[in-house]
């Protein structure tokens, strides 16, 4: 295991300490618990609070989206582990500004159970809570079973849209509506070349041949839909794009935003080689592109691989995505629409 | 070699094609040459043009800093190879807006020779050119031989400061003065755990033991100052920080900005564990921190490792660093000073 | 004995701590095949915390002791099974709140509420290849054995749990990470259902 | 023959293309030890382009032919040695511009300007363990042999280049990637100086 670490069991806490030390004007903790992160500064009365949470090892997911124009709070679990319902509740109480709190998280068993428990507890404290689990990974369940899909990098768009809507002081039902609309229009597909190592485990979560790739692998190493010889960047992109395009489906004259997300070790050079091919495909299909995000948005520590997400935009979604945002991990100026 | 590639010999051109396709409103090429990148849109009359250039394989270096508040143009070489003087000249001609062009590049043999040639050619075309080679890598030559040092991630600060100054329509001598001042106050030190592979070569540029690290290794795998067993994150940070702090030196009551730069495969989680220790050291020394940048600013494709840069700020440098900027690879709002 | 007192409940928590510690590696191994391999750690963390924080409790209400144990688990081990166990103890405890002693009928109520809580929280039902498939048969056996002494009833419940586990092997997983393997999950032993059998075993105080 | 004509210059470019192709792997190997291993590729790319683009030139001014060859190299191979070779050809060509034929005295002027150009561009001097250490002795020998026939003078220059390469082995590198190795570079053969010897060899047209 070649990592810059002190004691593996302190990995998450030391990471959070570093983040808080680096960005003291942007992030804070509540209940003196390093696993309960909130946006620094005053909360805006009447604004719906947006909370997320999930396992560590995916930076900028999840806490990296707490900031202006995005989320208000995040509970932080161990590596690939759900945070506890108590931590979620503490974040919920801290960010509620009287308009209720919307939970947006990835569709994973442990997270769902804990957010459900937290929601029940919050209601007992008279905080209105609505919940929404993003499930954008096309590879993880077939059409018709969308509810079983895992949540992966596409959740970025859901955060972005919900964050912009909440900033308008929209009521919680409206914020949830746009979050759901964003999620309904996002599809993601990933590919991995190498595993990653959970510090406390000390060895890779799975093995894969020196010349192999796995298309559809999840961000914790969940099984994909095809393991085989590593193909060319264009061929890999073709396979992933056709699965995505067929799924929604995305059609001629649609407008989309694109997210190419690195899983950790894949260089940006390669991601742009992938985008080159995506651009050809989208042009061929008559699908126009509003904006392209390329970078690391949802990682698996040092895993090699990337994912592609498309979101189909209507005017409302486009306006919300275009809105400025600023977190320690993501900055965007107002995009011209 | 596990990379998402088509033909290795097309690596750079396809990467640039992807970048142009993804950010057509922000970047363009001149002379129909994919290796000659300029900022899209009208040039501002009377503004000093800022050009850089260098080998590929380091994204966001170098072309990633072309954009608002940063650079105007960049010539793009093969992987770890200088672009040609002719390409530099073409960029120079395209970005000159009557106020001359300042070259800012890293202190490497091939780049220096070519930028010098380009400067001579530009002068023959009546374009005033000044040049400046950043040389911030403390590990690459000892004190007293600063001029021999390699340029690494710290060049980001030089771009930032020069870009902000040029935006004020300052004369070229002034822009060069602040660039030099920034460079004189930046020190960087890196550490690597694994090599990277040049696509056309197909095998790692060096080998390193499974339990080894090399402190001071350059971004092309140049030798460092210490190869040994991988130490804890805190110990590695201590070693690097003491080399940096002693070099300028940085002293009690100084104010600095910090850059923690990932070389490619090292996760942000680990970089923040490193920053946690840096924060402790800086507090202990009585050095205050104006702003912290953590991310990938100057990479070596999929190399594992990171570098630390400190820049000592006076009021002028702080104001210039705080200025907003926007490129496809780097966005910053105005920081409060 | 016709019923369980506070010392018995603490002894059960101690048993469970011991059993899940002993079975840590085995559960890790099972969960590694198609899951993330943390189940052994989860269960031992959950029950170690529950025992250690409750062993000196002043509380005398059996229901509250069980509920509190659940709340401790939720904090200590927020993975799927940790949260489901926590839910089970909290709902089961609520069902027997006020009791100073626990008779077989109370045990039946406890486990019925326990399983119902898990099914509600996990949106799962028998046949989904989960912990429910070992615990539901056990709870139903207890329900049918209200007239018997607790230890006898629990031993019968253990047999039902084991039978449930056995029959779950042929099911296709519907929940959790193992469900990503779909058809391939048939034939594998569900780690959660296995943990369910161990849970019942922990309640048995006589050899 | 007392002087070199256009056909001879083209033949020299063809020789150099051939020689650097033949020595590609050897130069890569040398440059790999303490550099980035591209030198063989660089040199063969530079001279292949120079030859192929100049072979059918209409130009009759020897100086201009040599200058143009340099400009082609600058574009084709912008690494350190590529750029230094380009500089050498451009400066050397300028020194003999206007000539329709090249006598030994012109060769001496060409190589003097060639080396001076490299030293100026590279801010390097003899003793720095670079290409200068093989080319400067060769240029100086030509300077001292102006009275001799070109081929004879070039053969003597080659001997000087080889001697220069040999003595450069003990130097400590001051430029380029190899200089990062400081003291450790002593004892190693400089790849650029090696390429300098090959360059002189390419000018020799008689066996």
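Per-chain residue numbering starts at 1, and chain names A, B, C and D are given in the order in which the chains are listed.
Rule of thumb we're sticking to: a contact is a pair of C-beta atoms (placed from the backbone, for glycine too) under 8 Å apart; a residue touches a chain by one contact, two chains touch by 3 or more.
Owing to the predicted nature of the structure, the values given are computational and were not obtained by experimental measurement.
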item	value
Greatest separation from chain B - chain, by CA centre	C
Rounded Å distance between chain B and chain C, as computed from the means of their C-alpha atoms	57
Computed distance of Cα centres, chain D from chain C, in Å	82
Separation of chain B from chain D, taking each centre as the mean of its C-alpha atoms, in whole Å	33
Per-residue multi-chain contacts in chain B, two or more chains	none
For chain C, residues contacting two or more additional chains	none
Chain contact graph, described as a line, ring, star, complete graph or other shape	line
Residues of chain B defined as touching chain D within the complex	77, 80-87, 109-110, 113-114, 116-117, 140, 148, 150, 201, 205, 218, 220, 222-223
Touch list for chain A against partner chain B, complex	2-6, 11, 14-19, 21-23, 56-57, 59-60, 193-194, 210-211, 230, 232-234, 236, 258, 264-276, 279, 292, 294, 296, 299, 301-302, 304, 306, 326, 328-329, 331-333
Residues of chain C that touch chain A when the two form their complex	36-38, 74-75, 78-80, 83-84, 86-87, 121-122, 175-177, 179-181
